[in-house]
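Pasting the structures here.
Here subunit A shows up in two complexes: once beside subunit B, once beside subunit C.
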Partner chain A sequence: MGHDTVEWVFVAIVIAILVYVGVDSWIVQKAVEEIPADAETIKVTGQQWFWSFEHEDGTQEKIELHLIKGHAYKFEIYAKDVMHSFNIPDYVVFEDAVPGHVNHAWFSPDQAGKFPIQCREYCGIGHYQMRGTLVVEENKS
Partner chain B sequence: MVLELRKPRPVWQIMFSTHHTDVALLYTITGVAFLFMAGVLALMIRTHLFFPGQGVLIPDPATFNRIFTVHGLTMLFLFALPFAAGIGNYLVPIMVRYKDMAYPKLNAVAFWMNPVGGALLWLGFSDTSWVSYAPYSVIRAPGPAADMMIFGLKILGISSILSSINFVVTILKCKHPDLPLRQVPLFAWSILTVSLMTLVAMPTYAASLIMLLTDRLGVSGFFNPSIGGDPIAYLHLFWFTFHPEVYIFLLPAIGMMYELIPRFSRKPLFSQASGVFAFVMLGLIGFASWGHHMYSTGMDFTTKVVFMIGTLAAVPASGMHVFNFLATMWGGRIRFAAPMKFAVGGIALFFSAGAGGVLNSAMPLDFITHGTYWVVGHMHLFLTGTIAFGFVAMMYYMFPFITGRMYSEKLANIHFIGMMWGTVQVFFTQHLLGLEGMARRIYDYPAEYTSWVQLNQIATVGAWILGGSFVFFLANLIYSAAKGKEANMDDPFGLGGKYYYPYQAKNPTHHTGY
Partner chain C sequence: MKTLIAVSVITVIALALVSQMHFANAQLGQKVSEKQYINLRAEVWNEFFRMTTAAFTVGAIVSGTMIWLVWRFRESNPKNKTPTKWEKFDDPTSGTYEEGGH
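And then the complex of A and B:
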């Protein structure tokens, strides 16, 4: 093979990998963003430096969030002061809380137990301790 | 021949000079000084994170936030940009066969803005993080630190625009008429590309800095939602500048590798045309991907897809550089002197960094990595692994030409092994920390998270190794400049033949002015 051919082959392989990454991301992201119709809405509000939650029935919680295994939940994410980012790492729940905007994320916990909640956008002195706990309880009914 | 320090000269003579090689010295020496200052901050951060929950070394989160902010800004604006401008100053006029930069006085002015901007950044010691996201930077960041940072960055931004204008004019207008543009050496091409990119990208940031300032003063509300502004607008303006800017940091280092790889492989470059093409491509497509920093801001699906395609489209151009380097080395009689070791090490890390970059361009994966230590690892594999490696390689390469003496190859070896080892240990580990969910920019973390503790400690030890290797570097530079062996100025690296040093051979009329 001539010099140029080798380079073209190389570039073609790189492009093939990129196309694969792109198409696969498209498919996965499309699926991930499909929010189930029966998802229960939880309002999440970030402020310096804690998270608060409001369930559909009006129950309010701070720092700890209690949910039930097997249900689908849709988060409506607000910010009161500066930008934050709502994150439950174990369930890959992650979306910025931006003042003046409402953002969305959803998930359906499939395991009971306690999972950390954190803030993943720098928001000042207390950013590092803007932590909470997700408590997933067994479905009793 | 370009000799700068061999004959002792009073410092003020260099400081008040407008000659391009003198301005080059000022730029590179200031750049390296800031590299060490910002490096100390980095080691403080890493040492602090070795001990969760104990407040070691950095007693409070406010100080911690200021330290990582000034670390990042210094490395980018006071090391990476000035250092590249320094080497550009040194080599570009020689490469285009002109007696100096097009506007020598403007050149000196652009340099002297750097110490001023640097002083504002360091005296202010802002806590906004290098990205200064609104509305934190508007409504919460304490003054006068944040205001001093805004003014400092403003000055540094203007400096970068002025030196870019100078480079563009020097290359396009002052180039020797016998030298076609496509034959201009690739390092000068890299400087031309990044200078044009700067002229397009930087004004946007300059504007958003002014908007931040007036928002802080309360006379406007561009980014302040409580008076109708939108923080997301700031993010768009910021990343419209700074995604292209990451290539502005990168390409000069790639250009330096184009200088070194053929010379130390003792073989002509595989393809000049492919190098030029890749620079121009990256320069254009680099403007189509800024939104990959904003996937999680609530961007709709289609916009995310567009920015993902824009990001992935820029990757083949980087791949072509790697191919060009490898094809040049293939079958060459490689001489692994220090410049070549660092250049090849940098290429290897460039490749792994690019692979990681492709992964976080993929939207679903970015929701795992964004805002975590993964991103810290990613950018540092480029900034340290590729850019600093290229810069260090160039420093070793220029050393004999500037001082007339040889550096110690033994100390350079220790530096190389330490820097390579340290870089891999810190920044690969930080990728893993990101996957474990550790958020970036946090002052402390729970000591019960054992995987975080272990990975942080591994990363910190890597940082110590990396930092330690630079002690050998500094010692080598200082000692060898004074006491090193006299270099054989016809062929300091023993590559054989003047052919490999075209700038002396082809440019007999070039003189230093002294």
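And then the complex of A and C:
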């Protein structure tokens, strides 16, 4: 076995691992970003210093967001004044709210209960209290 | 030899990804019957652990190779007593060096 063979094996192993990293990440990203067709759209608006929500049927909520366990929800995220960031840590929902731009995120709550919603982008003096609550209710139907 | 290496690499990648594809297909099948959605939290953490494994593997290969190189080609290694064909000068000072250069 010549010394160049060893080098080729070395290069091949590293390339194989890097290709695996790329393909695997691509597969997972595709799966995570694919919004289910039956997801209910909820408009989320961030403004100094609270969150407001609008359901598909026109119901509006402030600070508290009520959802049903087991359903899929797609968020359309808006900002009225400065940049905010919509974050539900327990469900890995984390997307910037940018004035003049609509961002999207989706999730499906699999546990009933109360979960914190917070702003994760410094947005002014009241940033620390720009919190909300996600209330996930059992599916009664 | 290069073909063999290329085929081996492709095989390893394919084997590593096959299990995931099976899992994804199983999930798709479930979606139709039971209306289940993927668990983002689980997906993201699983990906994190897989990437960490890959990163540590690359790190181990690279640092392992460097450690081996330093050990193998150290001056005190008995295998290095005989100079290689690139080093073998009758008179070590008679090599061709550029005048005034490095």
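List of remarks:
Operating definition for what follows: the second predicted complex is superposed on the first by the 118 of 141 C-alpha atoms of A that agree within 3 Å, B and C clash if a C-alpha of one lies under 4 Å from a C-alpha of the other, contacts with A are read in each partner's own complex, and residues count from 1 in each chain.
Just so it is clear, contacts are C-beta pairs under 8 Å (C-beta built on N, C-alpha and C of every residue); 3 or more make two chains touch, one makes a residue touch a chain.
From a predicted model like this one, the values you see are computed outputs, not experimental measurements.
The larger set of touched subunit A residues comes from B, when the choice is between subunit B and subunit C. Using the contact criterion defined above for the overlaid structures, shared-chain residue A:Ser85 touches subunit B, although it does not reach subunit C.
Touch criterion met: A:Glu121 reaches subunit B, while subunit C stays clear of it. Applying the stated contact rule after C-alpha superposition, one finds that A:Asn103 touches subunit B and leaves subunit C untouched. Within the superposed three-chain model, A:Val32 lies in touch with subunit B and with subunit C [touch as defined at top].
By the touch criterion stated above, A:Trp8 is placed in contact with subunit C alone, subunit B being left untouched. Once the two complexes are overlaid on the shared chain, A:Ala16 sits against subunit C while remaining clear of subunit B. Residues 10, 14-15, 17-18, 21, 24-25, 28, 32, 90, 92 of subunit A lie in contact with subunit B in one complex and with subunit C in the other. Residues of subunit A that touch subunit B in their complex: 3, 6-7, 10-11, 14-15, 17-18, 21-22, 24-26, 28-30, 32-33, 48, 81-83, 85, 87, 89-90, 92, 94-96, 98-104, 116, 118-129, 131.
Residues 61-62, 65, 127, 129, 133, 135-136, 139-140, 225-226, 229-232, 270-271, 274, 296-298, 301, 304-305, 308-309, 312-313, 315-316, 319-320, 323, 327, 358-359, 361-365, 367-368, 370-372, 436-437, 439-446 of subunit B are the ones that touch subunit A when the two sit in their complex.
Across the complex, subunit C meets subunit A through its residues 1-2, 5-6, 8-9, 12-13, 16-17, 20, 24, 35, 37-41, 43-44, 46-47, 50-51, 54, 57-58, 61-62, 65. Looking at the complex, you find that subunit A touches subunit C at residues 5, 8-10, 12-21, 23-25, 27-28, 31-32, 36, 38, 70, 72, 90-93, 107-108, 110.
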